[in-house]
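Chain IDs A, B and C follow the sequence of writing; residue 1 opens each chain.
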Amino acid sequence: MLRVILIRLAVFVPTLLATSLVLFITVNVVPGSAARAALGIDATPQAIARFEAEQGLDRPLHVQYLDWLWGALRGDFGTSFQNHLPVGRELLARLPVTLELAALAFIIANLIALPFGALAAYHHQRRVDTGMSFLATVMGSVPNFWLATLLILILSLKLRVLPAGGYVALREDPARNLSLMLMPAISLGVVSSALLFRIMRAKMIEVLSSDYIRTALAKGAATGVVLWRHALRNGLITFLTVGAVEFGWLFGGVVIIEDIFLLPGVGQLVLVGIINRDYPVLLASALTVTVVVLTANMLVDLLAALLDPRHVHVRALR
Amino acid sequence: MSDDYAGRQGDRLKRGEMFRLIETFERGGMSRREFLRRSMALGFSIAATQSLFGVAERAAAAVGAPKRGGVLKAAFSADPAGFDPVRGPSGMSHVVIEQVYSTLMALDPDAKPYPELAESYTVSDDGLAYTFKLRRGVKFHHGDELTADDVKFTFDRLRAPNSGYSYGAQVETIKSVDVVDRYTARFRLSKRTGPFLIYMAFPGSSIVPKKLVESGHDLNAKPIGTGPFRFVSYEPRTAIKFVRNADYFEKGKPYFDSMEYRIISDITALTNALLSGVVNFSNEVPPKDFTKVRAHPDLAGLTLEGSRYHWLLLNTKREPFNDRRIRQAVSFALDRQALVEGAFFGLGTAILGGVIPKWNWAYADLRFVPPRGDPDQARKLLSEAGYPNGFRTTMSVASSFPNLMAMAPIIQANLARVGINAKIGTMEIPRYWDEVWSTSNFDITSMYWLSPLADPDDFVTNNYKCGMPINVQKYCSTEMDTLLDQAKSAATQEARRELYRKMQELSLRDMAQVPLVNGWLLIGHTKKLRNYRPMRTGFLKTLKDAWLE
Amino acid sequence: MSIHAAAGPRSPGERLAQIPWKRYRLLVIGGALVGIVVLAAAFADVISPSSPYEIDVTNRLQPPSRTHWLGTDEFGRDVLSRAVHAARISVKVAVVAVSVGLTGGTLIGITAGYFGGVVDLVLMRSMELLFSFPAILLAIVLMAVLGTSVLNAMVAIGIIFIPGFSRLARAATQEVLRQQYIEAAHTIGMSDRRILLGEILPNVITPLLVEAMAAFAYAVLLESSLSFLGLGAQPPEPSWGNMLNTGRGFMDQAPWLGVVPGLAMFIAVLGFNLLGDGLRDFLDPHLRDGA
């Protein structure tokens, strides 16, 4: 058991390093000079040369990478080319926004998927099941940024019940914060609930048709009891493992949603970094998102290995 | 020009000058003595001027008494790039700098310079020495008094060889800055510089505190100046906060308790913020939403022609654009009215002649093309140049500029109707800078320019002079360069005006670039904002004179 | 009634009615939706009432009417024509991207599954790495590297698909390898290549095909996302994504500008998803109880 954990952890660190290296190389291969993006239309060649010297962009790539890595390990992600302020600080300030969004979307997705998934599994192969599965496919086919646009149209512009965008910290004004987070969370959550529903349903079917359950039912235990105590508990294991993956997936999907709803999160920072060729910003934010997803995946693997040695690699399922 | 016409022109100009004087005096931009001196210089008697005092004061009263208090929340779409006058190259930096610092001269809403930190100034007859007498008792935000030492320090800093100052061209004619006495600074120039006073009003010329900077203080992170507002904080991509400078040298001003510049990068969201009251001011209202803003019951919408002109660049080093007839043909082919309607929703001026706008003193009433273009003339020129059936070419546009993107398909259609087949290629800004702009790797491209200075030299030199960084169409003409230099250093404004007329005529004959549209400044603010005068330069200095009810 | 009567020749109508439509319901609906999209893409020029590039500023932002069935955009261009032409981009990108992903992924997956050992480890670890990047993020970064164009979008999305397909191909390969007849083929001296192509490939096709349908759907979504962010098809070329993006700015004056492109996306994605589900039910109903 301990061996399993250690192996997983041992693999995690090189994966992180490899990820950072890949991102670093990619970012530096991106065409379009950072200097000119930062300095503007009337930048003189001298100003550009000066900028590149200041930022160390004229050094060989591996030197730049090691320098950056050394800093990153100590929490120093450099300063933004645009505003010369430390990236790490801005990243830290934005992380709670993205985490909150992913968490809310996660809750919404699960609130929909869990009960319906269990229901569909219970009525397996009957009309309720087929109907719900179809509905799930339909809901899962909605592009989340279209849903976001429609929600803004109806709830913000026509009915005027919710603000169209922006952000206020939770501790400052919880009511307004939630009103601003509601539509983004719904956009993200509803579409992923469809995928979650499928997985829940599949797992529950498997659990329900297992010998353990059949025996219990045959012995005359009340259906309700069976459902609640045994099936759901197994379902919970699935929930935990799938949920962690789902959270990681949501975290990756926040980029567009943050852009639409003007949420100052990490995803928006990635876009800003790309558009402005602001390498330190791009690197740090892309890495953060990936690290969260990787960590979620690793936790999944750990949990799976611990709870259920026969566990099917959930990530293989679409 | 007949004498009579000249006379009438003269009267009109005098009247214009007078109105401007009254305006400036009204809002405290000059002392009574200065007002008297200058109105007499225009030819008004003392008695007449005295009566004008009454007019001015009554006018001020009609607007209503200023009210102190309130927070002005302004929305902007871009982040600033630093707050040190020597560093911040972007317009957004300047908009912050002008609130926190002060300059020797300042520009009024019509872009005329008036003394700000300077109480008065004198110019030597040969135009090579400017002596500024500073106001006394002006305090920096950290307490020190502003003296001529700070002025000398500021400009020595800008002129230092490795300063990185992006506007070195403004200070290159300064030979030296001397401290005559505690409150007097003298600038010695190497040659006559027409726009000198305007350069002194530029945000980059803001006076910085010598002792503080020498002790190692980083103005980029925490700017300290003598301006109407103190800098409080900057949260990247979110907001910049200011608070009133209680010791500001213009007594009683500013009226707002504090200001917030909110950064909202998505323009639709910016409009929404204005409409929903999250912010109460913006001068970046997109043309597509302006009618909505103006129609809102709580908002006022203002338009102002500034100097936000857009132009088409034709690479003069490539066939067939090396032939000026082809370039002229392109200009004739364009339907500028459609451009104004299509890209600016009618909120712009088609540039039918030279690029210097009507409100500027160097405007020349030249008309080269009709508003809808002249396709026949275009085709005629094409035939003359040897392309009776037109030709194929490409047009590169940077995708992050919505106005340029909006104009591109209209331009393409216009060119097509005379036989020029232009394929549009777009790319994001950073790649555009590298692959198209800096290497002049294009057939046709487009760009726009916001002149922050409002001196005619600023409108034209950067675009037309050989070798300037923005002259990527590589237009080179010794005749043009000579005209530009002469116009910049001519002795009187009249002489300069004549030279700029000649220069604009040449620019149209050579068609060094194809001017398109001057997009208006579109401002939306709460109706509660009073006495706000929009500036032609697009800056916000006049916010210190405004108040909220 | 003789029991043989049922086996006699029947009219086409009767034969048509005999097909168990209910079973293949998903396949049919999905197929129909996809069919609409593909036809629109293929015959865009014929179907469009006008050119998607024709500007008519005096008629901008018109609501749906008899002359413009889906209204006009901010330049007066016909929205229906633009939406139909945009279908072309989505279909092109989806087809190329899935092909790239399928080919690359299958090759890698089969190689890894067949040879096992170090080859397997190296290949699959790299796939894992690629897979761990959130798709949108990877797509954005790739597009920035390659440059924003439709062609590069195809390549970028294709690259994103490779790990998923490779994993599937590998699993299927390993499943097949467990079958006895491969051992037999080995013993009689069949070359690796012949085994790979002749025996393994045909058996991995089924799950891959089903997966491919889902990939088509995802490709349409990714391409639209990229165009939405300004990183895909560049204006004035119409793509559902960039139409939705500009449409967003006019939601209160002209809501159809935002609704129409999204609806088109939805139809395409739904069609492919249903087709995938239906195909799975048709080819291998046992898969249905899985995910």
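By definition in this document, a residue touches a chain if its C-beta (ideal position, glycine included) is under 8 Å from a C-beta of that chain, and two chains touch if they have at least 3 such contacts.
A quick note: this is a predicted structure, and the numbers were derived from the prediction, not measured.
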| item | value |
| --- | --- |
| From subunit B, the most remote chain by mean C-alpha position | C |
| Pair of chains joined by more contacts [C-beta pairs], A-B or A-C | A-C |
| Inter-chain centre distance, subunit B versus subunit C - centres from mean C-alpha coordinates, in Å | 51 |
| Gap in Å, rounded to a whole number, between the CA centres of subunit C and subunit A | 23 |
| Whole-Å separation of chain centres (CA-atom averages), subunit A against subunit B | 45 |
| Of all residues in subunit A, the ones touching two or more other chains | 31, 259 |
| Multi-partner residues of subunit C (at least 2 other chains) | 147, 248, 252 |
| Sequence positions of subunit B contacting 2 or more other chains | 400, 428, 431 |
| Partner subunit C, residues of subunit A touching it in the complex | 15, 18-19, 22-23, 26-27, 29-31, 124, 134, 137-138, 140-143, 145-146, 149-150, 152-153, 157, 198-199, 202, 205-206, 248-249, 251-253, 255-256, 259-260, 270-271, 274, 282, 286, 289-290, 293-294, 297, 315-318 |
| Residues of subunit C defined as touching subunit B within the complex | 53, 55, 57-58, 60, 74-75, 147-148, 230-231, 234-236, 248-250, 252-253 |
| Touching residues on subunit C, where the partner in the complex is subunit A | 26, 128-129, 131-137, 140-142, 144-145, 147, 164, 167-168, 171, 211, 214, 217, 221, 224-225, 228-229, 244, 247-248, 251-252, 255, 258-259, 261-263, 265-266, 269-270, 273-274, 277, 289-291 |
| Touching residues on subunit A, where the partner in the complex is subunit B | 31-34, 36-45, 47, 50, 80, 82-85, 90, 93, 163-166, 259, 262, 264, 268, 272, 275-277 |
| Interfacial residue positions of subunit B with respect to subunit A in the complex | 79-82, 89-90, 162, 164, 166, 220-221, 234-238, 264-266, 269, 272-273, 276, 278, 400, 428-435, 437-438, 447, 462, 469-470 |
